[in-house]
Amino acid sequence: MLLQMDKITKKYGEFYANREIDFSLDKGEVHAVVGENGAGKTTLMRMLYGMEQPTSGTIRLHGKTIAFNSPLDAIRSGIGMVHQHFMLFPSFTVAENIVIGNEPSKIGTFDRKQAARIVEQLSEKYGMKVDPWAVVGECSPGIQQRVEILKVLYQGAEIIILDEPTGVLTPIEVGELLEAIKQLRKQGKSFIIISHKLHEVLDVADRITVLRDGKVTGMVGKEETDVNHLSRLMVGRELVELEKKPVQRGDKVLEVTDVTLRGNKGKHILDHVSFDVYGGEIVGIAGISGNGQSELLQIIAGLQQADSGRVAVNGTDTKNKNTRQIREQGLAHIPEDRYIWGANRSASVLDTGLMGHHRKLQKGGFLDFKRVRSMVSEWIAKYSIKAGDSLSTTSQYLSGGNLQKLIVARELAQGTPFLIAAEPTRGVDIGAMETIHTELLNKRDSGAGILLVSSELTEILKLSDRILVMYEGKIVGELTAKEATEEKIGLLMAGGA
Amino acid sequence: MNRFNKILSPLLQPLAAILVGLIAGAIAIAIAGGNIVETYSEMWKGAFGGFYFLTNTLARATPIMLIALGVALAFRSGFFNLGSEGQMVIGAITAAVIGLYMPGPGWLVSTAAIIAGAVAGGLWSAMAGFFDYRFRVNLLISTLLLNYVVVLFARYLVSYPLKDRTGSAGLNQTPMLDASVWLPKLFKGMPLHLGFIFAVIAAVLLYILLKRTVMGYEMRMIGGNPLFAVYGGVRRGSMMMTAMLFSGAFAGLAGAAEVLGTQYRYLDGALSSAGYAWTGIMAALLANSHPIGTAVAAIFLAALETGAMGVERNTEVPLEVGDIIQSVLILFISARLTYSFIKRRKGQNTDGTAV
Amino acid sequence: MEQLFDLALLNTAIRVLTPILLAALGGALCARVGLFNVGLEGFMLLGAFAAVVGNHFLQNVFLAVVFAIVVCMLFSLLFAYVSINLRANVIIVGIAMNALAAGVTTFSLRAIFDVKGAFYDSKMVGLPKWNIPIIQDIPVIGQIFSGHSPLVYLAFFCVALIWFYFYRTVSGFRFLASGENPLAASSVGLPVRRYQYGAILVSGALCALAGAQLSLGQVTMFTENMTAGRGFIALVATMLGQSGPLGVMGASFLFGFMDALSIRFQGLALPTQFTDMLPYVVTILAMFFFKDKSFMQEAQKQGTSSR
């Protein structure tokens, strides 16, 4: 056994992130760790990589017990990690990114030509093509990931940990990655893959360990299991199919015509995008993040200007209008990043919930605190938001799921005919997810139109009545809920017909 | 957290910073060869030892309070307005000009001068805000540089067109204002004037504005997370202009009140050398831009300065020992504020966001 | 109009831009590791004062400069500790350091020399004027570039040094990486904090040189607040030059030239206050041409406002 982790436990205060986990890895093996958000996967790997110390338990490498105090120790022992959010330097070249920390040099000066040569050799050896002189910031996520992998290989990694590697890849790039993993495995490298994408895992992994709430719920070989079995181990129950009422289409609530946004390198971020949303339906936009969805939503909400095209919310053109005016036209917005856009960490729960309502709950310029307090308290009761003992608790103490519930409550309470829901359940636990999904469906049933954007295909499939697929700034396909399957959408997401 | 803790713990940090400041002062006093206990007791006497000294301290606190409140408003809204010095000077010179050359009964001229001073300061400040909003000229630096521009311009005015050519003083200053225009003193023979009442009212008004009004809410949100505020419909441009306008108006009012209440003329450099503007900024930082706290901090810092003057008069130690205490204080307040913030953040991470 | 623009003007410009250039290089180093150093003004003032103190007590110009560097680096250490280890808002710490510098210099002026306002010692020897052997004989170039204090030449040398450090050495590459993405840098084991400390300490030393040039370069005296906002102009030069050594040098040329021009204007009929205003007005105007990052980008990077 190359790597052995025995009874690993990690406690933060009273909270068990990992509880007595056993994990092992053979040379030339691909072992996947799967589980929902919050299951403890990343924590486990962080300990292997020296970013955390286990509370108890042992880690043995080549039979010897080891204790890593920093990522450097792990790197020196041949363990390399490719993080979910790439650790790259956008303004530097591919070669510079790969050799950093161990640069070829002549008396202190950086020998960049030699670095390029080294990178070309690595690229050949491992079958991962990259251009050493390309600037990393201008490369696609697929190439960037290759750079990350080459980086850990350059550092001498024998064990490579991949944390949610396919989140930012197109289906074609996913295929290329899985091939690369199989190639590297033949050359004697071992992999630990953290993922919640069960199809991909079943394609490439030899063994799969399932975590739930910090504990191992099962460890199986590839042949012994399937998607249903794994998801049951992950979630503890069968995934529930939600019953959707048939669509009762109302007036047009959103009209997007020919919207274009130019990027700074000539490529269009949005390329003549046109579609409509009607009341009573949920339109889901599927696609890997980074294909223009964020910018499209920002334009609709008034946070950014398009270069050309027209957007109309509830029948009125939004050109040159600011966010307040657009909201008054009847738009509410669950933002895709709750900490950047959706809340003020240092403000109280009351203040965070007040945003967007603050002009309506006033008397002559003064806020009507009685009404505000009762409004927010209602939300807390209705959505079971755990917000500490009072409304003046600071927002940053709310967990991700509870903050998201607060934001969803706030935006739903606007009672607008049109709602943008961007990544509404990102990083949120199962219970909160189900609450939010139920509320979104209720809003749709009450006659409102919802534009849903999510990188989770299952969420799109579950909630949408119509599905649009975005790829490289264009709408490349439209499917009704009935016609849609993962395969069809996946193909469109990759740019195929 | 029980009530007592909630009130006490935010005070703990400023108190600790004050302690560190006093220790630094003690070191400086030792270097200057003074007796620490004696020096500090002279400092206390200089600030509060007797009714005259008390009113003197409060009179000095008046412009500092007004500026500090203006700065607190800007900082709360997320805008680094460091132009209080220039805004104060423009308010002062405007008030002087109105006070000298506007015809009419004393109370009318007085009122007009005060208002004009506030407006001048507000417009000058709003101009910098406009430059940032429209042309992306960094507010922090532009307001700093504009200070120099205004102070030099005012110096020009009192060296040539507005210079007081009567009397043999030869200083660059305007003629003295007629007594009918002066702000009345609050106590006979004591330096404290009506301006102090303005400052107190301003503190209360600012508190109400920030805590209870829609505009105050929008300002606080734009200061806390500007993206969140814009997302929610707050207009950043108009918030910036409004905040800068009010902020500058407070500073302009400070200048006008000094001219009409203490100096009775505009004297080149008088307002700058007294350091009102920078002390005001320090007070806002010390109190983390809380309206009432800022007013109290301003009085505290003014006491430090009048106390230091008492030290200068009665010991061998120079009055700048007060400056040293002030700046060490700020250094440590800015550190402690965020130190306990990280401790809490680390605690948060152990509770569930680690996945 | 020929009186206005002549070689002597350019010579003055070179001399006057030096403090700005030195401080701006320091600002650039700090900016490259993610620290917006508003304290350049205060450090320059400390340097100017320390240089005079050192010169007076050590009776040696060279040692005086070294003394100034030591003093500024000590204060920089404080700045670094509070900003980095105690994680205080670097802008507020910078403001505090400026106040501290003003207070300490004025206090020390009284405590050490027992004077107010300014200290002048006729016996003190200022920085020498170096006449560069071959250059001084070349007709135009010689009059512009020869005859300056050694710190002027040191400043230009620093530009070249920093350029070489950033773009040719391994250490400089890692330094830039630490600023570009501190998280990624520490994940490959780069000592990000060490680079940040280094940047602040070096910028302190550079500001000491800037201050020494001010107080010992032309006249040997220290006046209260003699930096007169040059530290903030240097910050603008840093921004205009996009924190790159060559860009910063170019921006400093612009401001130095304006400063020299304003000194030249003093001879003419305009009241001195207007000529004094020139550098500040020009700097503000220059800021209109610098596309500062929109507040949205800054806010998304830091999660807070930077205005």
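Chains here go by letter, A, B and C, matching the order in which they are written, and residues are numbered from 1 within each.
Following the convention adopted for this analysis, a residue touches a chain if its C-beta (ideal position, glycine included) is under 8 Å from a C-beta of that chain, and two chains touch if they have at least 3 such contacts.
Given the structure is predicted, the values throughout are model-derived calculations rather than measurements.
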Chain located farthest away, centre of subunit C as origin (C-alpha): A
By count of C-beta pairs in contact, the leading pair of chains: B-C
Approximate Å spacing (C-alpha centroids) for the pair subunit A, subunit B: 47
Averaged-CA centre spacing for the pair subunit C and subunit A, given as whole angstrom: 45
Inter-chain centre distance, subunit B versus subunit C - centres from mean C-alpha coordinates, in Å: 28
Touching two or more other chains - residues of subunit A: 340, 345
Touching two or more other chains - residue numbers and ranges from subunit B: 225, 227
Interface hub residues of subunit C, defined as touching at least two other chains: 300, 303
Of all residues in subunit C, those that touch subunit B in their complex: 38, 78, 82, 86-89, 91-93, 95-97, 99-100, 102-104, 106-107, 110-111, 228-229, 232-233, 235-236, 239, 271, 273-274, 276-277, 280-281, 283-284, 287-288, 291-296, 299-300, 303-305, 307
Complex contacts: residues of subunit C adjacent to subunit A: 168-171, 173-174, 177, 180-181, 183-190, 300, 303
Residue numbers on subunit B that touch subunit A, as the complex places them: 212-215, 217-218, 220-221, 224-225, 227-235, 345, 347-355
Subunit C contact footprint on subunit A (complex, rising order): 70-72, 75, 83, 86-92, 96, 100-101, 103, 105, 108-110, 155, 339-340, 345
Parts of subunit A lying in touch with subunit B, wherever the complex brings them together: 12-13, 15, 17, 37-43, 301, 303, 322-324, 327-328, 333, 335, 340-347, 351, 354-356, 358-359, 362, 365-367, 369, 396-397, 399-400
